[in-house]
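Two complexes follow with chain A in common, the first pairing it with chain B and the second with chain C.
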Partner chain A sequence: MKLLTHNMLTSPGNARGFPLKIEGATVEEVETDFNAEFISRMVAKLEWDALLGALQQLGVAHQLPSAVPDKYAEDEAFLKALHHVLVEVEVMEGELVCPETAKRFPVKGGIPSLI
Partner chain B sequence: MSRPELQAPAEIFYGEQEASKYLHNSRMIEVQASMAERALEMLCLPEGAPALLLDVGCGTGLSGEVLEEEGHWWVGTDISRHMLATAQERGVEGGLVHDDMGCGLHFRDGLFDGAISISAIQWLCHAETSEHNPRKRLAVFFASLYKALRRGARAVLQFYPQNPEQLQLITASAMRAGFGGGLVVDFPHSTRAKKYFLCLLAGPADPTFAMPNALGADGAGDGDGDGDGARAHVQNVGRSRQHARRAGAGKRARTPIKSRDWVVRKKESQRRQGKAVRDDSKYTARSRRPKF
Partner chain C sequence: MVLTSILSLVGTVLGTALDVACAVPVVGPLLKPLKFIFGAADDQSVTSLFTFLWNYRNFDFEHFMKSHKAALAVGQKTGDYCTGVCNYYEVMSEVITLTSGPFWHFVPMAEGVSRKESHDQFHCTMVNHLDAKPGQKILEFGCGFGEIGRQVAKISGASVTGLTMSNAEIVGGNERIHKAGLQDRCVIVQGNYHKMPFPDASFDKVFGVYCLKYSADLETAISEAARVLKPGGRLVSYEIIVTDKYDPTNKTHKYYVDNISHSTCMPPLWHAHNFRDAARKAGLVPHSEVDLCKPPAQPWYSCFERTYIHDVLSSPLVLNAVKLAETVRILPKSFFEFFEACIIHPTTDFTNAGRLGIVDGALMMVWTKP
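Here is the complex of A and B:
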């Protein structure tokens, strides 16, 4: 599960089930092609605090600022750092925990299960 | 062979064996990819801009790969673990989520720029356990799809309805969830190439929204591919045929078999069924020179 996917997922059957907490995760890093246009388009769709929270839970080092910079579209260093955490960091095993009901959903082989 | 929906629930039917078919069977791969291409074409996304798309029932990610080639990023959901595991092995770029679409899609609101689904939503018409209610599951699915889409985004869902009642049930559920749009039927004259696409628009009614034209339909230019009988008047074909017979054409009105007219007409009807047919030329239906 990439962090971009995690940033979109909400807990089933719960209006306030976002963001899902990540517990006991093993992380892999996979290199993928950098697409500046796509990443800058994603910035508006992201929940920034949830992304920073997830990074903290995973203990992944990053160079992201605490808030989105104003002129992010031209800031290539920022976009590259964002690209790395969004699509190159992959949670392989672990559990997602609903912040409201504390229900647990497993992540197996890189695929989160919400059933 | 009976339909897969009647054999077992999706999470069981799409087991290891079925997943490997989607990996090795070139015909299956080709059909899936061509349907995904057609669905993507009907989404009418702005050219050259990478979009965030949702693939409902992504399976082994065959449809997702078509989206990747066009430069889009996608998230796929599926109920079968084996299919998703195969997708993961193949190293698809998109995100994969194991989820039951009948319980709703669990994404934040207004995220996606579009959604596609290839041969998946007919599964919702079947109750697998006593607590499943197809009507309810369809309603939950379409309501959550509507929420997950950005206002003004489109969803193109290809599916295989078993009978007209299912077709009606699925279309009505989508409309009840607030979607605009309707059904597009490609190659309506062919039993094999015929494909149903539910083309939906999320958000307020858009005056610029036009339904895509169906492929291989009569009068493809009228923008009404669903063939729901939106004609202004009814032609009485039977009567005119009778007139022709009475007008003295007699028995010779039939075009003789293997004549040029007959061949051209036959090619035309096969073209309508979506088959690959050679263009007409001056050599069409000409007999070959005699050989000794």
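Here is the complex of A and C:
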């Protein structure tokens, strides 16, 4: 599960089940091609605080600012740092915990299960 | 493994040679039945049937059929078919892929156009109905191994999230995403479309193919699809339904339609008006509705007719041969029951119900969210 995916997952049937807390995670880093346009397009769709929270829970070091910079589309250093955390950091195993009900959902083989 | 590869290679070579030969005037049409016998190993053909038999020679069909029937009974009693869906696709996702390839739905076909080309065409049709654009976020619910989503992503440049239920599907779907090199834009998530694990207004477009037929609660499923859709977004549903001609008091009608549901662990099929009502209740606005298989396209079930698979599977000769093979233990225990319920019935009942005009498998419905 990439953090790009985590960023859009919520506890099923719970309007306040976002963002899911990540616990006991095994993380892998996979190098992928950088596509500035793609990452730049994603920025507007992100829940920024949820992303920063996830990074903190995973203990992944990063160089992201606490808020999205104004001229992010031209900021290559920013887009590269974002590319790394969004698509190169992969949660392989672990659990997603609903912030509202504490219900737990597994991540197995990199795939989140929210049944 | 080796035998499977040889069979599929032989199947592919012969399949291609036959395609060429069948196009020859006069003798061509006479060769057509051979196509069914030696089609490709992942298409509807005898080659694929043998590959399947070989791969599953040690499979516990007895256990599968027991759990399949028990899960159907639970679904019929409680209206919750989720356990049944998981149980069915845990096994059938591989079986369907082996015997029919990556397409678990019917699409319009035309004379002289191959099944694969017809599905490619369908993927473009889907992209058009979705009005999918680069950078958009699209959800495909009930995605199976996710082939349609990957094709939509490839053709349109959009990102596609697949949502489906069984373990086998998410693992197989994830592998296929990696094989296609689409891991930056495609992802698969395990979840129930009646209770989607996504926030409100998170997708530009949402679609489902041949999956709402598994819902015993269409209103909830469609309201969930509408909820995760952004205002201005589209919901596209391509489903198999009963038509106005279907008369539940007619025994023959009911026999075919019930069999379709029972063989794949589904609730009774819905009618188009059930979809329209559910969408209206969910606050969606009708955009378009087309039957993709209006002539000159061949009927939606024509894939079974053109390969003669319907004729072969519905012949008593084949049934008795399979029964005999199980008795003398060439085939595993309970294979006959499985073969009849999960392979023959879907093929023959779809074809028969389609010929009667009581079931339609090519309705494309599109709504927008205001």
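One rule holds for everything that comes next: the second predicted complex is superposed on the first by the 115 of 115 C-alpha atoms of A that agree within 3 Å, B and C clash if a C-alpha of one lies under 4 Å from a C-alpha of the other, contacts with A are read in each partner's own complex, and residues count from 1 in each chain.
Criterion: a contact is a pair of C-beta atoms (placed from the backbone, for glycine too) under 8 Å apart; a residue touches a chain by one contact, two chains touch by 3 or more.
Just so it is clear, the structure is predicted and the values come from calculations on it, not from any experiment.
Look at A:32: by the touch rule set out above, it reaches both chain B and chain C.
Contact with both chain B and chain C is seen for A:5 once the two complexes are overlaid on the shared chain.
Once chain A of one complex is fitted onto chain A of the other, the partner contacts of A:41 extend to both chain B and chain C.
In the superposition on chain A, A:59 makes contact with neither chain B nor chain C. Applying the stated contact rule after C-alpha superposition, one finds that A:15 touches chain C and leaves chain B untouched. When the two complexes are overlaid on their common chain A, residue A:115 makes contact with chain B and with chain C alike.
Chain A residues 1-2, 4-5, 8-13, 18, 32, 35, 38, 41, 45, 87, 109-115 lie at the interface with chain B in one structure and with chain C in the other. For chain A in complex with chain B, the residues that touch the partner chain are 1-2, 4-5, 8-13, 17-18, 32, 35, 37-38, 41-42, 45, 47, 87, 109-115. Those residues of chain A whose C-beta lies close enough to touch chain C in the complex are 1-2, 4-5, 8-13, 15, 18, 32-33, 35, 38, 41, 45, 87, 105, 109-115. Considering their complex, residues 82, 135, 137, 161, 165, 170-171, 174, 183-185, 187-192, 195-200, 202 of chain C touch chain A. Contacts from chain B toward chain A in the complex involve residues 49-52, 71, 73, 75, 79, 81, 84-85, 88, 93, 95-100, 103-104, 106-108, 111.
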